[in-house]
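Multiple structures are listed underneath, in structure tokens.
Across the two complexes that follow, subunit A remains constant while its partner is subunit B and subsequently subunit C.
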Partner chain A sequence: MKGLKRFVSVLAVLVVFSCDGEAQFRFPMPEFESDYRQPEMYTPPPGRTNDLMDVAVLAGALGVGAWLVLKRRSRPGVFLLTVFSLIYFGFWRQGCVCPIGSMQNVAEGILDANVVVPMAIVAFFLLPLLFALFFGRVFCAGVCPLGALQELVAVRPVALPQAADRVLGLIPYLYLGVTVLSVSTGAGFLICRYDPFVGFFRQGASFNLLMAGGILLLLGLYIGRPYCRYLCPYGVLLGWMSRFAKWHARITPTECIQCRLCEDACPYGAINTPAPEEAPISPREGTRRLGKTLFLAPVIVALGALTGMMAHDVLARLHPTIQLAERVAAEERGYFSDVTLESEAFRASRTTLAELYAAAHAVRADFKRKSPWLGAFLGLVVAWKLVALSIKRKRVDYEVDRVACVSCARCFPYCPVEDEDAKTQKHKA
Partner chain B sequence: MSVKGQIGRRDFIRAAAALGIGGGIWKTAAREPGSMVWQLDPQQCVQCGRCATHCVLNPSAVKCVHSYPICGYCDLCGGYLQPGAKKRDTGAENELCPVSAITRTFIEPPFFQYTIDEDLCVGCAKCVKGCGLFGNGSLYLQIKQDLCVHCNECAIARACPAEAFQRIPAEQAYLLKTRPEGGPAQT
Partner chain C sequence: MPKPKNIKREFVPHQAAGRVAMGVATVAGVFSLIVCVLLVTNYLQVRATAPLDNPELLQLRKTLAETPGMDEALVKHIRALDLLSRKAFFTSQAYLRMGGRLLLAGAAVFLVAFRLAARWNPKPPAPQAGPDEGAYWSTIARSKELVSGIAVILVLVSLTAAYLTPSGLPSPAQVSMLSQERGSEAPPSAASVAADFPTWEEMQRQWPSFRGPGGIGVAHYTTAPTQWDADTGTGIRWKVEVPSPGFNSPVVWDDRLFISGATEHVREVYCYDTDTGALLWRQALPPFPGTPEPPPQVSEDTGYAAPTMALHGEYAFVIFGTGDLACFDFDGSLVWGRNIGVPDNHYGHSSSLIALEDKLFVQFDDKRAPRLLALDAATGAEVWVATRKDISWASPACVRTPFGFELILASERDVDAYAPDTGTLLWTQPGLDGEVAPSPTFSGNTVFVANEYAMATAVRLSAPDNAVKSEIAWQWEDSLPEVASPTSSDEYFYIATSMGEVVCLDVERGEMVWTYEFDQGFYSSPIRVGERVYVTDTEGTTHIFGTGPAFELIGAPQLSEPVFATPAYLDGRIYVRTQQHLVCLEENGGN
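Here is the complex of A and B:
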């Protein structure tokens, strides 16, 4: 018996060395003499995936949010909705799939004809935008789990200088552009990868991401909703929709009496104060400035496109194939004495070096084709912001900035003007 | 610019935006696909150990599974025993699994059955590597779909050096190894 075992182990070693790597199914299936029965393999079906239940909850929460903000004008109601969303979409559903991330699936579906986007994900992307188009950003107000987390920690908000707010407000456009570029070139879903708060929902993430989330939340104590205002790429789309909202939240239920009580009410800098009667510069100079910015706009866009083109090499490093090819090339030239898991796995695979380099060149060419568009988009955003700065708007009331306002209803209690309905009810009592 | 005219423009833009979004989305989603789930292809897996460390869950949703029809029921199991183990027994110093998730049961001479305790398994793939090197490759990794939280971008897929992760239809949620036609020569 012992001799047989030794023979078997020697045989095993021989087999291993004779058919390296590919070797499997070396030993025959035993023929059992006893009535032994093989256990079944345990392959449980998927738990809940992105099903329609979540879509229904999302639609319901958006509807309740719109009703609370526009009809009831109830800050406590919105707060409760926020807590519900944080618990349901955040901690219970663990933050996946969210409308912010779904835009990547939708972008992939639009750009790549082979990718089919599940209906639930499309609904997740679409519903908040549709609601924003009619009721403003009620999704941000009380449905988004990321917004909810920051909403709850915004206890002592300070106003940022307007210049800083404007400059930081450009980052979401950059994030949006790079995300779409990354999806279109197959470099992955950046929004999901760098979601700073999902680690809290799942009680586990990489150290760096948890730190980033923690820092954002600490910042959020003083700077209201830092992720929403200065990072969230979905917020850009929601802002575009909310600009044209049919019924947007208003600070005052009826008519503004310029009492200035709401002036510091908004922790997110989304209240536009009345424009001064006297323009800071003469109309003539203003026209000249507008003309200059309009003339400059194409130049800025062209500069952006050029910058994008020059940055394509750097941007291409987002792609895993480029990372692998660069690493392997460096190893081939002897810059590294060790190998990474990736390069090791590549060498064990059937792909040849030439094939890898060809793939990397194709990816880089793809980036070279697409990154000027990213640059041009950013140039267009900057040009548009400059033009908007050069236009003086006539404003006599305290109004919400429809693009920036997240409809959180924090300013409602500050307004002393009473709703007509509420007034008559009070009189009756 | 009259107030009425302004509302008209906004209405127009709103309608155009709604139509644009709706149309684009309809085009991408009209084919009504089912849900997709992540799974790893055991044929491409290189047993790097990242499944144990990169999943958003702790312990990972990736577990070792055992295809009994492929297993050789070896006494000298490359997946169960440390290379160069002093004894072929259940002693901790001889076991390969760092969390002792494999149970070794005697069936009949000379065959042993190996069972994975999935509550203990962390998906480190040490046993997978051992079984692939010295045995039939009946131990391999799979994402347990009841544990997986179905991230939009699977964190392990991102970290996988061998591109073994892919999305597959939820109805057929596992990529199981099967015995090749005919199988190896019977001795």
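Here is the complex of A and C:
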């Protein structure tokens, strides 16, 4: 068992370091012995970017998206908006700044009083949420470049079984929690570090990330928007807002006629079917089970907190200081005969081993304090999901799931119900 | 909010167009797949072959560094090869970029064609006849089960990961120790560098390491007693109990005797007065950064304290099976210490330490990265590291050949010689095999190694062109040792086997001069003391025989206790570590 532990430990260090694939093509400069002099290194000035214009384009695209989804009910229009957003926010702006990543800046600004978050980033974070609060997830529909890329490749999407969809839908909560933990402990911006699609926008990334992005896109041919549905942490926040949207996309423009033509229209599992009136258990039994679940909820949260605390060492490996310290410690113990660029740089620095280890211990202690909160959050999510599944719904029509629906307008053309304007025009004709 | 419109979709198939689009999508898809595979292959090839790590280039650079003056031809050759490597690298990069563009184009065509194919072969909605109420409730129930199940799995995975991948950081106590430690990272102070180390000649008069000075099994003094009796106490000057287990042998410097002992929980050094056997001090090693907790699994036959300590002037060096290496002064103060890595070595670490001039040598035979370390004896700072090909359980010998000092190490295949100053591999010869525990010995200009399941091999050294040259002089393949190391005189090599045989071989030709079979086997190594050879069997009987051309048994005094360690032979005294005691033997001791 000890051998296994050591193996897994070394493997963990290797895995953590193998994730940093960007460093592998660094190439030393040639050594000249002639009179040739290497040119001075300099940092070019930042490119001319206009944050205000980006915010304006974002607001405009969100407005157009809301109009296309809610007023025009136009799937082709949403598709065209998707193409525009992919070109502008994706390939032109190279995926930065994006609202998904901006949540890390905002979290950092909230957690660290010394960090000032630029207004443009705050706007990027808030605008999609505000629109979701009023119009649903129109940002996801055709403005998000990551969603746009996946929407374009979703050619033959099939719906996953609802139960599997619900379980996979827990992952974004985990990602959200780990992201906030990572920001609060100074481990860095994970969403940006592991953005699987930014490599396509910038035509360059580590091999691992390009492979991950490629696999997600291939998967996306048949499983629609895998990143949006099963990974995106910002989608969690948008879902929370969208639940309370004043005007949200509806499958039918007027009254549902229960034709069921839309039943398989949504490949994202965002159409709720009518709930049967009769449950297989009595109301009394249902209430008892709900009470039991509610009673268990604090236990689940506590168990999550405990698990988070126990796993703080694993989570701490997200932090570069821990990664470096563990690597250096492993090198000191002779587990590796070579060095990494990071450990080599450390050894060339004036920082001592004791200082490195002390800094790593400080980071570890920080993780130990904060990891239980991550566990508690996940416990709360699980408890909430179980409670939600234990409540009997009163739903008579086919309705969109306001949390899961990305307002892509795919279901609109399936509904045979015509709106009043169209009916009137037809009557006149 | 105005009432929304509804744009209907007509599910009208266009089969011919759909087939064409599907064909284009298939071709584009296959093309993209091929490009993708080629790109990944190219990437992996580039990644596996670091251009500037080209062995030929490295060798040329090394040659250039070692060549005095400027060899213009060599410099040109290196530059040409360097340029070639860079060209290969950047050509490969260009291929990657070109491939990326081709892939993008292929994927775009595939996507458009696939979308059109899907549009022209629409799948109209096909609702079921009536609502399936059972499916609704079963989905709810399954969702609850899955959510609960995934939560449990997440907890189990987290806890398992936490258990299997404990923090690799040294503990806070170890970090604190590291920051207080003398000379662990900071450059050695002038005072410590200026330490006065003993000369080779001074070392000969001590018993500073495993198997005596130089670790070749030959004693300087020739006055060791030949008679003692454990039952009557005759010839026993003192006898004390050993505090902790350990297979290491005693080492002696003037009036101080050192041994080490260890269990899973404690690693200690013991210092005795050689005249009285009084325990002057005992020091437990503190945990260093990297000290494994719990300690690694080792064989019972090895334990955690198999390596013998080394003494050097005023310093005592100790290493344990945990990889903890420390230096104490003779008053018991820790001078420096650190964990040099947990040796991955299936029986446990057993190679002893040896010192010469200002360096301490550590044969660190870790299976993953076997190496020979030279450390600054005063500070523990690394001076050089020589990578070894194979491991062994033997100990290094330090010999003065007619051509200079050499460190002789046995491995599972070869016997290797290194320069003590630089760690340069001077020569290597095959001849060993299996799991090698016996250490080398040396006579005149001949190195001798032997191991069971291999052959005994004599390597003759010469220096015809001022460069040390080695060649195998002869080999012997009959009775061979499993644990005990051979010893030598000017004319003969002596082998003691674990089956109880002692074999005397002629140094020049490797012919057997005589052999004698004792009742018990030998783990303790034979030592030549002047004209006599002493070898103690596993039951504690020391067989003493002459070094003449015929077997002549001089005596066989007993200690009546199992002995595995090799005794120390000083002026008129022998210090023996039995399994449980430390015994000082002297001609008139006990009377």
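Observations on the structure shown:
By definition in this document, the second predicted complex is superposed on the first by the 377 of 429 C-alpha atoms of A that agree within 3 Å, B and C clash if a C-alpha of one lies under 4 Å from a C-alpha of the other, contacts with A are read in each partner's own complex, and residues count from 1 in each chain.
FYI, contacts are C-beta pairs under 8 Å (C-beta built on N, C-alpha and C of every residue); 3 or more make two chains touch, one makes a residue touch a chain.
Values in this document were obtained by computation on a predicted structure and should not be read as measured data.
In the superposed model, A:L294 lies in contact with neither subunit B nor subunit C. Once the two complexes are laid over each other on the shared chain, residue contacts for A:C415 go to subunit C alone; subunit B is not touched.
When the two complexes are overlaid on their common chain A, residue A:I257 makes contact with neither subunit B nor subunit C. Contacts of A:L52 after superposition: neither subunit B nor subunit C is touched.
Counted by residues of subunit A touched, the larger count belongs to C, out of subunit B and subunit C.
In the superposition on chain A, contact of A:A325 is made with subunit C only, not with subunit B.
In the superposition on chain A, contact is made by A:A316 with subunit C only, not with subunit B. In the superposition on chain A, A:V396 makes contact with neither subunit B nor subunit C. Residues 4-5, 8-9, 12, 24-25, 27-28, 30, 33 of subunit A contact both subunit B in one complex and subunit C in the other.
Put simply, subunit A touches subunit C in their complex at residues 2-5, 8-9, 12-13, 24-25, 27-28, 30, 33, 70-76, 152-153, 155-156, 161-164, 166-167, 170, 174, 203, 207, 211, 214, 221, 247, 250, 253-254, 259-265, 273-276, 278-280, 300, 303-304, 307-308, 310-314, 316-317, 322, 325-326, 329-330, 332-337, 352-354, 357-358, 360-361, 364, 378-379, 382, 385-386, 389-390, 412-422.
Contacts from subunit C toward subunit A in the complex involve residues 1-9, 36, 40, 43, 46-47, 51-52, 75, 82, 86, 89, 93, 100, 111, 114-115, 118, 125-128, 131, 133, 136-137, 139-140, 142-148, 150-151, 154-155, 158-159, 161-170, 172, 174-175, 178-179, 184-186, 289-290, 294, 296-297, 323, 339-343, 364, 366, 368-369, 371, 387.
The residues of subunit A lying in touch with subunit B in their complex are 1, 4-5, 8-9, 12, 16, 23-30, 32-34, 36, 38-39, 41-47, 49-51, 94, 96-97, 101-102, 104-106, 109-110, 116-120, 122, 125-126, 129-130, 133-134, 188-189, 192-193, 198-199, 202, 204-205, 240-241, 244, 246, 340-342, 344-346, 348-349. Chain contact summary for the complex, subunit B toward subunit A: residues 10-11, 13-14, 17-18, 21-22, 24-25, 27-29, 31-37, 46, 48, 50, 56-58, 65-70, 72-76, 78, 107-111, 113, 115, 118, 132-137, 142, 144-153, 155, 158, 161-162, 170, 173-174, 176, 179-180, 183-187.
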